[in-house]
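Common to both upcoming complexes is chain A, partnered first by chain B, then by chain C.
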Partner chain A sequence: MRGFLLILRKDLHAEFRRPESLVSMVFFGFLLLVILNLAIPLGSEISPETGAGILWVAITFSSILGLSRTMSREKENRCIDGLLLSPVSIEALFCAKMAMNFVLMLIAQCSIIPLFFVLYGDSFLQSLPLLVLVVLLANTGFAAIGTLFSAITAGTDRNEALLPLLFYPLVIPLISITVKVSSLIFQGAAPGEYSSWLYVMLAYGCIFTGLGVLLLSHIVRE
Partner chain B sequence: MGAFLSVNRLCKDYEGRRALRDVSFVLEKGDFLSLFGPNGAGKSTLLSIVSTLVSPGAGQVEVKGFDLMEEPEQFKKQLGVISHNSLLYNHMTALENLIFYASLYKVKDPGKTALELLRVVELYPRRHSRVGQFSRGMRQRLSIARALVNDPSLLLLDEPFSGLDQYAAAILTEQLAELRDKERTVIMVTHNLERGLNTATKVGILAAGRLVFMESRQDVDRTLFEAAYFKYARGAGPV
Partner chain C sequence: MSIKRDQMAVIFAALLFGTAVYMVFLYAPTERVMGPIQKIFYFHLSCALLAFLSFFTAFVSGIMYLVSKDMKWDIRGLASVEIGLLFTTLVLITGVLWGRPVWNTWWTWDPRLTTSLILWFIYASYFILRSSVTRRDKRAVFCAVLAIVGFVDVPIVFLSARLWRTIHPVVIRAGSIDMAPAMITALLVALGTFTVLWGILLYQRTKTLGLAGRVGNLEKQLDGELL
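Then we have the complex of A and B:
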């Protein structure tokens, strides 16, 4: 736990000192929401399905900008070797990096989601408490998969080009479930209609967290 | 005295190329092994395996009788490494880097230890400067401090003098002598025969992945050793 907290604190400190990832994530998310808003005729309402789609396009595409940085930061001066040589367990290392990605996405979403409500109508605002739950579950899956592939691509020269190619195909099922659940929430559906999907999202996050912990030592060594 | 570090029939292949072939040796507590060899002889691979960064293809490394692969976490607490890379974060200050590493090793007072080490490597006045602003020599000095942050009982040094100016090299030589006096076990890979022979209690030559020479320093004649080194370096380039 100590190693986990130390690595997470170090990464947060680095990000807040020079918030490159966070600024680019928020800016890109804003840009996507504004551009997509231009396609909607003035004064017209969008359907819950379209709203959910727009929101998650902005979130998933902006997330990738932060995901690629957490592991590539360790590539500099082979700092990853410094962590592997220390008595910190590989589980703590993976969980710290995953938690960093989770926190980064959450902070970016704290800016992106309010803008979504501003641009696409406050009728969706009543769904906010349940949407927060969906965001937390989706972030767990995105962070686990993103951390795993960020570790794989950090060892390559084309890290930032390669990560989306590996990341998006694997998160498509999670994105489609997330969009489905979000649209049901925007429609005001009863929780019973989508609760099973929430369990699937939770399982998705747990499976990839486990896979990441198991595979990270093989990925970062040699 | 029992073996502190025991390397048994270590082999390693990289994409069909054999980097290490049946390398075996034993070091007792306080031994200082200077390992020489031409480029591509497998010296860095050997250090990477002993440091647990790379898994061996075959063979075994034991520290105080414990298998390195089975109980790496216990072993890592006692290990210090200086490699080709500084393993330092450019965006953090010298002091922050050392405190971070000291905390990872659960050092009792990380702040105090970090400041003491910064004085030793004479970087105390630059403790609040970011590593990204340091020259290569200063980074190397800080890298020495980082490797000593947990007061390691086994120190692995991969070309520690490379890139150091005379001043920094003198600091490192002083530190190595101190480690030898404190009976720390050291493996130093180097091309510098002069420095390697001066500090060692044991000397070895690795050529084409094989440990072709291993003797106690006191049994080795400098001139004959130099002749042997050049013979192996000429005869066996990269595997």
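Then we have the complex of A and C:
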């Protein structure tokens, strides 16, 4: 537990000293929100499905910029060797990196989601509290898979350019569930209609966190 | 000796294929509504099941590699994913060919179609990952991890793919074809034939890849001696 906190604090410290990941994530998220506006017919109100789709495409595509950095950062100057030699367990390392990704995504979302409401109408605004729950569940899944695969891509010749190619096919199910649940929330549907999907999202996060903890030791020892 | 046995296996599979084609096209009755295009179903379903079996084999090989670190499991995993991707491609192609006349559309976001497509993407990325790592043991570990994670993703993909149906209108309800007994017999023969083909492909591909690895090693040794 102490190792987990130490690594997380180190990463947060490095990020806040020079917020390269955060700035690029937020900037790219804003860009995507503006670009995706092209998909909407002029002068028409957007449907909840379209709104949810736009929001999550912007979030997932911008998050890749942060996810790919977490592990490749440790490859520079061979910091990973130092981490492996330290008495910190690999499980704690995975959890710390995953928590870091989770926090990064959350901070970026704190500016992307408000901008979404500004650009696409505040009629969805009453659904914000429930949306926060969806965001937390979705982030867990994204952070787990993102951490595992950023460790893999950091070890390849193509480095960060490879991550989107491996990451998106695996998270398509999570993205589609998240978009569906968000659009139901935007519509003001009763929680009973989508609560079972929230459990699926929770299960997704748990399964891939567990897999990540199990598999990371094989990856980083290479 | 073993080459002879391999040849026998190939001849056996060819004979089986002849039988399967006979069963599908002549023995099984032609479907009343869809007509002869329904025949594609026998091959389509066989490919789908074997693609799934391949990915399961790759999953098991991935676990075995991580446990044993024995290169032969990496080769088995690679051969399985190759064959699985081939069969998934065939599933998609035959599905599209069937869907055009029957559903009057090439594609619909039906759960089964969506699942196959996403699976295709997951396992196609396996080859991109493979080509991006040069060191063999490292490549084997990364690919094993992807095969494991990819397979664990499959049930969730299928579960979530049901959502796409409610997002997009479905032209016709898939499946639930009431089959005549002769059709079921033909289907079983086709399935058996494809399973034999699958076994031969997997065995031969594993052998070829193993030999290619050995040749690579020998070349490296030779280079070392020449230097």
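The criterion applied here is as follows: the second predicted complex is superposed on the first by the 216 of 222 C-alpha atoms of A that agree within 3 Å, B and C clash if a C-alpha of one lies under 4 Å from a C-alpha of the other, contacts with A are read in each partner's own complex, and residues count from 1 in each chain.
The rule is short, and it goes like this: a contact is a pair of C-beta atoms (placed from the backbone, for glycine too) under 8 Å apart; a residue touches a chain by one contact, two chains touch by 3 or more.
Everything quoted here is computed from the prediction, not taken from an experiment.
Trainee: Of the partners chain B and chain C, which touch A:138 in the superposed model: first, second, both, neither?
Mentor: neither
Trainee: Pick one for A:166: touches chain B only (first), chain C only (second), both, or neither.
Mentor: Touch status of A:166: second partner only.
Trainee: For A:46, select first, second, both or neither according to whether it touches chain B, chain C, the two together, or no partner.
Mentor: Touch partners of A:46: none, neither chain B nor chain C.
Trainee: Is chain A touched at more residues by chain B or by chain C?
Mentor: C
Trainee: Tell me the contact category for A:100 with respect to chain B and chain C: first, second, both or neither.
Mentor: Neither partner.
Trainee: For A:157, is the partner it touches chain B (first), chain C (second), both, or none of the two (neither)?
Mentor: Second partner only, chain C.
Trainee: Applying the touch criterion given at the start, work out whether A:113 contacts chain B, chain C, both or neither, answering first, second, both or neither.
Mentor: neither
Trainee: Would you check which partner chain A:174 touches, where first means chain B only, second means chain C only, and both and neither mean what they say?
Mentor: In the superposition, A:174 contacts chain C only.
Trainee: Once chain A of both complexes is superposed, is A:65 in touch with chain B (first), chain C (second), both, or neither?
Mentor: The answer is neither, since A:65 touches no partner chain.
Trainee: Which chain A residues lie in the overlap of the chain B contact set and the chain C contact set?
Mentor: 222
Trainee: Flag every residue of chain A that touches chain C in the complex, lowest number first.
Mentor: Touching chain C: residues 49, 145, 148, 152, 155-158, 162, 165-166, 168-170, 172-174, 176-177, 180, 200, 203-204, 207-208, 211, 215, 218-219, 222 of chain A.
Trainee: Name, in rising order, each residue of chain A that touches chain B in their complex.
Mentor: Listed in rising order, the residues are 2-3, 6, 10, 13-14, 17-18, 73, 76-79, 81-89, 221-222.
Trainee: Which bits of chain C are touching chain A when the two form their complex?
Mentor: 66, 118, 121-122, 124-125, 128-129, 132-135, 137-138, 141-142, 144-146, 148-150, 152-153, 156-157, 159-161, 163-164, 166-167
Trainee: Along chain B, where are the residues that touch chain A in the complex?
Mentor: Residue list for chain B touching chain A: 51-55, 73-74, 76-77, 79, 81, 83, 85-92, 100-101, 103-106, 146.
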